[in-house]
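What follows is chain A paired twice: with chain B in the first complex and chain C in the second.
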Partner chain A sequence: MWDLIESACLYVGLALAVTGALCDLLGALGLLRFPNFFVRLHAATVGIIGGAVYPLFGLTLMTIGCDFLGYWRWLFASGSFITAIIIAITAPAGSHALARGAHRSGVAVEPKLCDKLAEDRRGD
Partner chain B sequence: MSLKDAVLGVAMAVFLLMVSVVVVLGGTGWTPSTEIRPLAKFYLENCFNVFNRTWWAASPEAVTSMLWDYRGIDTYYETSVFFLAVIGGVTIFRVTEAKLHRKMDDVGLSLIVKTTTRMVFPLVVIVSASVALHGNLTPGGGFQAGVILAVGPLLLIAAFSRSFLEENLKLSKDRCLIIRSVGLIAIALLVALPLMAGSLSLMQNQAKPWSQALQLPEAVGPIWTSGTLLFFNVAEFLAVGAGFTLLFLLLSAPEEELKRAIGL
Partner chain C sequence: MNLTKRVLGFAAVFLLLFAFFLVASASVSPADIAMGLIVAGIVAAFTSTMVIKEQPHKAFDVRRWFWALVYFLYFFLVVEPLCHFDVAKRILHPKMPINPGIVRVPYNLKGDYAVTMLACSITNTPGTVVVDLDGNGRKFYVHWIDVKTMEEDECRKAISGAFEKYARRMFE
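Coming up: the complex of A and B.
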């Protein structure tokens, strides 16, 4: 039974790592090809959350699945788990602060469908 | 694709080729050998040699034992250099706290960033404390821990404001100066301790064959303190953390405020 759980952990972890690599690739492409600062920032956060948090959760599962690491796998697993959670907390706050600062200092949202924030500010 | 792009591409390819040729031919300088040199062998063999305690530092961390034991005077001078740098900063911004104190219209960053900073700040402090207190057992030490500690106030200054740090945390310029001075005085006392107890050498950590005068225990109960190393690390932690916080406080003072206080 434990063998089954170990291999399940290993393969789910590997799948998460591959997802992370894909997210990194897509994020890099978006960073190059997207038209303005705000959507480029969106691509960059795809690279952070998809490309760093998912693989770290995957690493947690993978190390749990590697019984040849012995007792030490719990150390690796908890380390990568905590790192993933801290990145997941701090990265959105950082990108939010960047986007807010850019919008307040007048970076053009172009091309755009709508800009509710600017409409709100004009309404004040 | 214009001519400019083509020229740029070819130039980058040629540059990469030239750099790789230089690296392959050994143009980046002398490559360190894989053998351990005699000096390194000495430290590795002696820093935690429980069977022959003549030269030991009572610490499994060779780097910390070098920094605060074998080459302790060097670190002491480094600390003095940092002390002088902070004193220089304080001298340039020589404004009393009362003159700088004006209620500013502090809004800080948005609620999202503030909440995240509230969550991250305790983590920063805990990590820095663990790096300092474990500095004699695992990689890390006083200076690194102090720098990590100073990240916390820096985050608070960025997300909230300077006056949040001064009023809500009561971490004013003068208080930072006091904490830093306490750390530095503790280091100076620890350096002079063997001298006062009758030994002939400064910064003696463990007893040597020719001077047995004073020896702090290598462990207190189950806690491994490595003689003076733990205390040096904690004192340096306080001194560096408070020193950097002081510098950040001074640097984040608004320019108009400073000009007004100096009288420009």
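Coming up: the complex of A and C.
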């Protein structure tokens, strides 16, 4: 039974790691293709959550499935799990600071359908 | 703040830090446990009044932790894959179908932790980024990659509806 769980963990972890590589590639493509700073932030989010948090969760599962690591696998597993959580909690703080600073310093939001923030700020 | 609240706040921060230390060190040897107790005690003594300002009993409520676990699973297994798929489609599509814009998203939460969690959740889903916050008017300004509607309540339903429910159950 434990063998089955180990190999399931290993393969799910590998799948997550491959997903992470794909998400990083897509994020890089998005950074190249998207028209302005704010839309590029969305591509960067794909790179953060899909490209860093998911592979680290995958690494957690993968190391749990790796019998030959012996004692060290719990260290690897817990380390990557905690790193994933911390990235997921702290990365948006950076995105918020970048987005707010960019908007306040007048980076163009073109192309856009609407910009309620600029409307409200003009009204103040 | 009276003494009971202080002790409860200290205990909450201490237990969280100690659990964090144990998971990070991945060992239950006596030396590690002693080190964890000392470090968690020192850090909690300095920071507990800053981290928990009021109502420390919330940290010991099992239902809140249960909803946190449910939210964690829901967020990483359902919401994130769907949003990633959506944005990946827009990146790879030859015509690049985006209609970006900044919309207002009202929220109805009081605590700092709840609002922070809501903002972080919105930013962490690809396709929406919080640009600014109006604390008195209780609304976020969210840059949305595909503006379907500019009505505030419709935006709220589409962007933050699910998160807000969980934020209220966890922190309010």
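Throughout what follows, the second predicted complex is superposed on the first by the 124 of 124 C-alpha atoms of A that agree within 3 Å, B and C clash if a C-alpha of one lies under 4 Å from a C-alpha of the other, contacts with A are read in each partner's own complex, and residues count from 1 in each chain.
Going forward, a residue touches a chain if its C-beta (ideal position, glycine included) is under 8 Å from a C-beta of that chain, and two chains touch if they have at least 3 such contacts.
Every value quoted in this text rests on a predicted model; they were computed, and no experiment measured them.
For the composite obtained by superposing both complexes on chain A, the positions of chain B and chain C are free of clash and fit together. Of the two partner chains placed by the overlay, only chain C lies in contact with A:38; chain B stays clear of it. Once chain A of one complex is fitted onto chain A of the other, the partner contacts of A:79 are limited to chain C, with no touch recorded for chain B. In the superposition on chain A, contact of A:97 is made with chain B only, not with chain C. Of the two partner chains placed around the shared chain by superposition, chain B and chain C are both touched by A:89. By the touch criterion defined above, A:29 reaches chain C but does not reach chain B.
When chain B and chain C are set side by side, the one touching more residues of chain A is C. Remark: least CA distance from chain B to chain C after fitting both complexes onto chain A is 5 Å. For the contact definition in use here, the residues of chain A common to its chain B contact set and its chain C contact set are 89, 92-93, 96, 100.
Contact residues of chain C toward chain A in the complex are 20, 23-27, 76, 80, 84, 87-88, 91-92, 96, 98-104, 119-120, 123-132, 134, 141, 143, 145, 147, 150.
Residues of chain A touching chain B in their complex: 86, 89-90, 92-93, 96-97, 100.
Chain B meets chain A in the complex at residues 109-110, 112-113, 115-117, 119-120, 123. Touching chain C in their complex are the following residues of chain A: 23, 26, 29-30, 33-36, 38-39, 41-43, 45-46, 48-50, 53, 57, 74-75, 77-79, 81-82, 88-89, 91-93, 95-96, 99-100, 103, 109, 111-118, 120.
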